[in-house]
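Heads up, the next two complexes both have subunit A, just with different partners, subunit B and then subunit C.
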Partner chain A sequence: MSDLISGAALRRLVDEWIGQGKRVAGPVLVKPDLPSYVYLAGGDRFLLDGFVRPVNSIKEFVFPRHEPICAYRFEGKQVRIADADAQIGDQIVIAARPCDAAALPILDHVFNWDCADEFYNRRRRATTVVTLACSTHDEACFCTSVGLGPAATRGSDAMLLDLGGGEYEVRVLTEKGRDAFAGKTITSDRIASEAPGPGKRFEAARVRRYVGEHFDGPIWARTTLACLGCGACAYSCPTCHCFDIVDEGNLNGGARVKNWDSCQFVTFTLHASGHNPRSAQPQRQRQRIFHKFRVYPDKFGDLLCTGCGSCGRNCAAGLGVLNVLEAIERDDGEHLQA
Partner chain B sequence: MENIYRPDLIEVVGIRQETPDVKSVRARFVEAASAARFSFQVGQFGIFSAFGQGESTFNICSSSNWKDRIEFCFRRVGKVTEALWQIDEGDVIGFRGPYGNSYPMKAWEGRNLIFLGGGIAMPPIRCAIWYALENRERYGDITIVYGARTVADLVFVDELDQWATYDRVRVIRCVDPGGETPDWKGEIGFVPTVFDRANVPAENAVALVIGPPVMIKFTLPILDRMGLAPGDVYTSLENRMKCGLGKCGRCNAGPVYVCKEGPVFTLEQLKALPLDY
Partner chain C sequence: MAETEGFEPKIVAFVCNWCTYLGADLAGTNRLEYPPNVRIIRLPCTGRIDFNLPIKAFETGADAVLVSGCHPGDCHYTSGNFHARRRWMLFRELLSTLGFDMDRIHFTWISAAEGRKWQQVITDITERTKQLGPYTLYAGNDGKADAAARSAAASRPVPPRTFEGQDALRASARRLLEAGIVKVVIGHGERGAPVFVTRPDETHQLAWNDRCQANLTTYLKRKEIRALGKPAIVVKGCDERALVVLEKESQVEREHVHVIGMACEGVGAARCTTCDVRTPRYADEVIGQVAGGAVSPDQRFQALAEFLRKSPAERMAYWAGELERCVKCYACRQVCPLCYCERCIADKNRPTVIDTSPTLKGNFAWQITRAFHLAARCVGCDECTRACPAGIDLRLLNLSLARAAEDQFGYRAGIDREAELPFGSFSLEDKETFIR
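== the complex of A and B ==
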C-alpha cells in the first residue's frame, strides 16, 4: 500500500502551507531553461517535471548567502553590540532533488562538531524537506558514484515519486514529513517505480587514496588549468559551506555578517604578509577535491559531495569535479564501465 | 540563542608603538563576567575586531599568568590593522577566543628551551618566554635568538633586556647585514647564521621556531644537525582564518585545521602534512 497525492492537490497544499504563514520554496523556471529554487508566492508555479536540477541548491534556505551574526553601534568611544535575533519561522522546501536533501545531514556535521552554529541549526530545525525523486538525469549527474541515487532518501522528510497521470506517491520519512502531509493523501495500491540513475563514474575510496598520494602530482594542473576562479562551482554546490565574516555598515554602526566564500578565490588563503599557500588556480581546485573526498571523509566519515553535478553544469570553462575524478580513475586503474 | 561568533568587548588600556609599522596593544574586558570567564594557555590565539572594518587573527602575546589583561601585537598591513592602528586608549574593540592548541609548557618542564624568532614573530614567542621566566625553576637553560631586518624593526626590545637579567638566560639579538645602526651592539647576520655561530648546546633541548618561511627553512637543518628530534622542534602556523572554530573552511593545511588542531605543531607533525601553509 502507498500514500498518493495528485499534482493539483499538492499545489493546493502548498497554498495552504503559505496560508498558515510558512515560507515555501521550490523549483521555478525563473527564465526559459533556468530552473531555480526560490520562495514561492503560491502553489501554482513550481516545477514537478521537465527539469533535471535547479541552478542553485537548497542550502541557501538553511545557510543563507548573507546572514547577520551581530549588530554593532558606535556611541562615542563606546560600542554596543546586540545579537542579530531575527525570528525564524517554519519553512518547507517542496520538490527538492534528492542530491540537495542529502547535503543537509552532511552540513550538519560541520556546523555542529566541537561547537554548534545555532544560526544554521535554528533554520535547519525549522525546515521540512520534501523531495521529488528524479525520473531523468543528464551527463553531469553522478549521484550513484557517491552512494546516492534518483530516489535516495537521505535528508528528506518526505519524498514524492511520479506515478504518471499527474499523481505522486508520498513516502513519509520523518515526523516533519508526516506533519506536512497528515490527512492530505489517499491510500492506494500503486507503488512508484524508481528510475535508473546515471552509471557509476568513479570509485570514491580510490579518489580518497589517490588525492592523499598525489598532492603535488601533475593531475591538478592537467585537469584544472582552464579554471577561471569564478566560484560558480562552490556557490551552486549543495555541500560547499565556506564562509567569510565581514563588517558591513556606516559611521553609526552596522552588522557583522557571514557571507558565502569560495576556496577558488585567490584571496581566500592570502596571508597579510603576501604569502599565499595556494597561489595558483590548480592548487585551489585541488583543495576543493581534497576537501570533499579526503579531508571531510577523514573527519566525519562522509563525502562532502552528493553527485548533483552542479559544478559541472555551471562551469563556464567546462570543468567541475567530475572531470577531475574521471581523470583520477583513468590515471589510477581500470576505468569503470558506465 | 547561543552565538559562537559574538565577540566580547575589550577596552584598550595601553598602546605601544614597537616599530614604524608595528604596535602592541593591552586591553581589558569591558564586562566583568567576560573577564571572569576568560582564561587561556600560551600559544593560543584570539580573533580581534575593529568594528566597522572586521576581524583579524593574532596570537595572545601576554603570559597566561597575567589574569587581568590581553595583549596582542600587529603590523599595519591591511584594512583591519589600519583601523587598529588608529585606536586610542579608551577605545573599545572586539575579541573572540581563546582558540586553538597551546605550547606544551608542562611537557617542556625540565628541558632547556631555545626560542628562535624573526621580525613580527616575536609576540607568539614572547608569551612562552614570560611564562617560562615566571616559572623559572621549572625550566633549564633558556636561549633566545631574535632578529629583524633592521634595528628599527625589532619589537619588545626593552623586554629583551629584562629577559637577559634572569638567571641562565642568554639573549642574542641580531639584524640582517645592512640593518645595523652605528651604535648597534648586537650581532649582524640572519637568525639561522647567528644561531649556528652561537653554539647553543642541544642536549635536553626543545626549540620553538617562529618567523618568516625563509628563516624557518634555514633554521631547521641547523637544529637537525645539532641533533634535535623533529618532535622537539615546535612552530606556530599562521594560515588565514575567519571563524577560528573549524567551520569557515579556510585554514586547513592538507587534512589539518590549523585553528583547531594547531596553530602549534611539531616539525614531526609538519613533515606528515602536505605543503599547504
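== the complex of A and C ==
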C-alpha cells in the first residue's frame, strides 16, 4: 500500500501552505533552460518534471548567501548593538532533488560542530524538505558514486515519486513530512518504481586514500589548469558552506553580515601581510577536493559531496569535481599497474 | 509624477575644487539665495570623480546627483574635465540601460565667476527633483521570479558537429610543438572546454566544432599557464579582438604568442548571428576559409535596441529581477579576457569600495563597475554571459557601452590595431549635449 497525491492536488496543497503563511520554495524555470529554486508565489508554476537539476541548491534556504548577524550604531563614544531579527517562519521546500536534501544532514555536522550556529539551526528546524525522486539524469550526475541515488531519502522529510499520469507516490519519512501531507493523500496499491541512476564513476574510498598520498602530486596542476578561479562551483554546490563576515556601514553605523565565500578565490586565504598560503589555483582546487573527500570524512565519517554535478554543469571551463576524481581514478589505476 | 507634499530632495553635488566650488562660494559671498537641498562634495577635479561616487550617493539616499567642474579649456590640470566629459558620455548610456532616472543625473560646467549660474542650476535641479519625488533605487522587482513557463522540456544532448579544419588544426599544433616553436597549445577540447596540449602526441585532444565557444585568450593572463612557456593559442575572429586589446594595453607581447586563427562560420552563440569578424585578421596562420559577413551596426545592436524599448522604470525592474539572482561568484570577471587586474576593486577591503554582499545594492554596484571598467574595451565575446550560472544577460550592458563608443568615437574595441584607445585620450570636439 502507498500514499498517493495527484499533481493538481499537490499544487493546491502548495497554495494552501502559502495561505497558512509558510514560505514555499521550489524549482522554477526562471528563464528557458534555467531551472532554479526560488520562493514561490503560488503552487501553479513549480516544476515537477522535465529538468535534471536546478542551477542552484536548496542550501540557500537554510544558509542564505547573505545574512545580517547584528546591527551596530555609533552613539557618541558608545557602540549600540542590536541582534538581527530572530523571527524565522516555517518554510517548505517542494520538489527538491534528493542530492540537495542529502546535503542538509551533512551541513548539520558543520554548523553544530564546535559551536552551534543558531542562524543555521533556526532555519533548519523551520524547514520541511519534500524531495522529488529523479526520473532522469545527465552526464554530470554522479550520486551513485557517493553512496546516494535517484531516490535516496537522506535528508528528506517526505519524498514524491512519479507514478506517471500526473500522480505521485508520497513516502513520508519524518514527523515533519507527516505533518505536511496529513490528510492530503489517498491510499493506493500502486508503488512507484525507482529510476536507474548514473553509472558509478569513481570509488570514494580510493579517492580518500589517494588525495592523502598525493598532496604534492603533479595531478593537481595537470587536471585543474583550466580553472579560472571563480566561485560558480562552490556557490552552486549543496554542501559548500564557507562564509565571510564583514561589516558594512558608514560613520553612523551599519550591520555585521555573513556572506558566502569560496576557497577558489585568491582572497580566501590571503593574509594581511600579503602572503598567501594557497598562492596558485591548483592548490585551491586541491583544497576543494581535499576538503570534500578527505578532511570532512576524517572529521565526520561522511563525504562532503552528494554527487549532484552542479560544479560540472556550472563551470565555464568545463571542470568540476567529477573530472578531477575521474583523473585521480585513472592515475591511481596506472600506478597500480606499474 | 505628482509633487510630493513637503518633500525636500537631497541633492549631492560632486564639484571640482577650482571652478564650481569657487562658483558656489561666490554665490554665498554675494548673498545669492538658493535652496538648501544641495550637499557639496569637493574633489580636486571632475576627472577625479570616480563613477562609483554618484552611485554611492544614490545608494545612501540622494534624490539627484550633480557633477560640475571647469568649462572646457579652463581645467586647472589642463585636461581633467575633457577626460570626465568623455567618461560620462559613455557612463550615462550604461545608467540609462540599467534604467536609472536620467532626469536626476546632472552635469554642468560652472566657473569660479559663475555664482549666479550655480544659484540657477541648484534652484532648477531642486525644483525638478521636487516634481519627480523621492527616488527609490533598484525598485520594481515584484518578487515574481517564478513568472516563466511551467513545463521544461529536457533537451537531449546532441553530439558536437565537427568543422572542417580540425585536422589542419591538429597538424599545425603538432608541427609547432615538434619544432619547439611553442611549449603549449591552448585550444578547445571535444566539448569546448579548454585543453592545454604540451606534447605532439596529445594534439588529438584539440577539437574544432560547434562547442568551441570559449574565448581562450583569457588564459594568456593566468600565471599557471604563463609558467608553461611560449603558448600557441587557438582563436576565432571574435576572440582575436580581445587579443588586439590586450596587446594595445600592453598585457600581451604579441611576438611571444603564436596565434592560430580559425575561420569560423559560427559556433551557435548569440553573437554569431551578427558576426562580421569571421576570419581572424592578425593571426600567424589562419585555418579554413569563410566568406566575410558584412553586418550593419543596427543588426549588431538589435538585442539592445529591443531592450531599450522598455521604459526606464521597466528596465530597472528587469535588472532588479536579474541581479536578485547574482550570487557574486565572479565567474563574469574571471572568465573575461580583459579583466586582468592583479587585485580587482571588488576585492579591495582597505577600504571596501563595493559591498561584498550579494544584495541588490552590492550586485548593482558590482555589475556597474564591471561593465564600466570594460567600457570601450569589451570586445563582445559574451563570455561573461555564458559563464553566469544565474543566466543574467550581461551582454546588454556591454552592448550599450559598445554602441556608445561606436556612436560617439567611431571606435570598436579590438577591430583596428592602430586605432587610439578612447579612454586616456580626448577630443575637443567631444559632444557635450548632456552638459549644461
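The criterion applied here is as follows: the second predicted complex is superposed on the first by the 332 of 338 C-alpha atoms of A that agree within 3 Å, B and C clash if a C-alpha of one lies under 4 Å from a C-alpha of the other, contacts with A are read in each partner's own complex, and residues count from 1 in each chain.
Note that a residue touches a chain if its C-beta (ideal position, glycine included) is under 8 Å from a C-beta of that chain, and two chains touch if they have at least 3 such contacts.
Quantities reported herein were computed from a predicted structural model and do not represent experimental measurements.
Once the two complexes are laid over each other on the shared chain, residue contacts for A:Glu175 go to neither subunit B nor subunit C. When the two structures are aligned on the shared chain, A:Asp114 is found in touch with subunit B, with no touch to subunit C. Of the two partner chains placed by superposition, only subunit B is touched by A:Tyr72; subunit C is not. In the superposition on chain A, A:Val266 makes contact with subunit C only, while subunit B stays out of contact range. Residue contacts after overlaying the shared chain place A:Leu29 against subunit C, while subunit B stays out of touching range. By the touch criterion defined above, A:Val246 reaches both subunit B and subunit C.
On subunit A, the patch touched by subunit B and the patch touched by subunit C overlap at residues 244, 246. On the subunit A side of its complex with subunit B, the touching residues are 69-70, 72, 74, 77-79, 81, 83, 85, 110-111, 113-119, 122, 215-216, 241-247, 249, 251, 253-254, 256, 258, 261, 263, 268-273, 275, 277-278, 287, 290-291, 294-295, 298-299. Interface residues of subunit A, counted against subunit C in their complex, comprise 28-36, 38-41, 44-47, 49-52, 55-56, 65-66, 136, 138-139, 221, 225-226, 228-232, 234-236, 244, 246, 248, 250, 257, 259-260, 262, 265-267, 280-282, 314, 316-319. On the subunit B side of its complex with subunit A, the touching residues are 1-7, 9, 49, 51-56, 75, 77-78, 81, 90-94, 212-213, 238-240, 242-243, 245-255, 260, 274-277. Within the complex, the subunit C residues that touch subunit A are 60, 143-155, 157, 189, 191-196, 214, 218-219, 222-225, 325, 327-331, 333-335, 347, 349, 352, 355-359, 362, 383, 386-387, 389-391.
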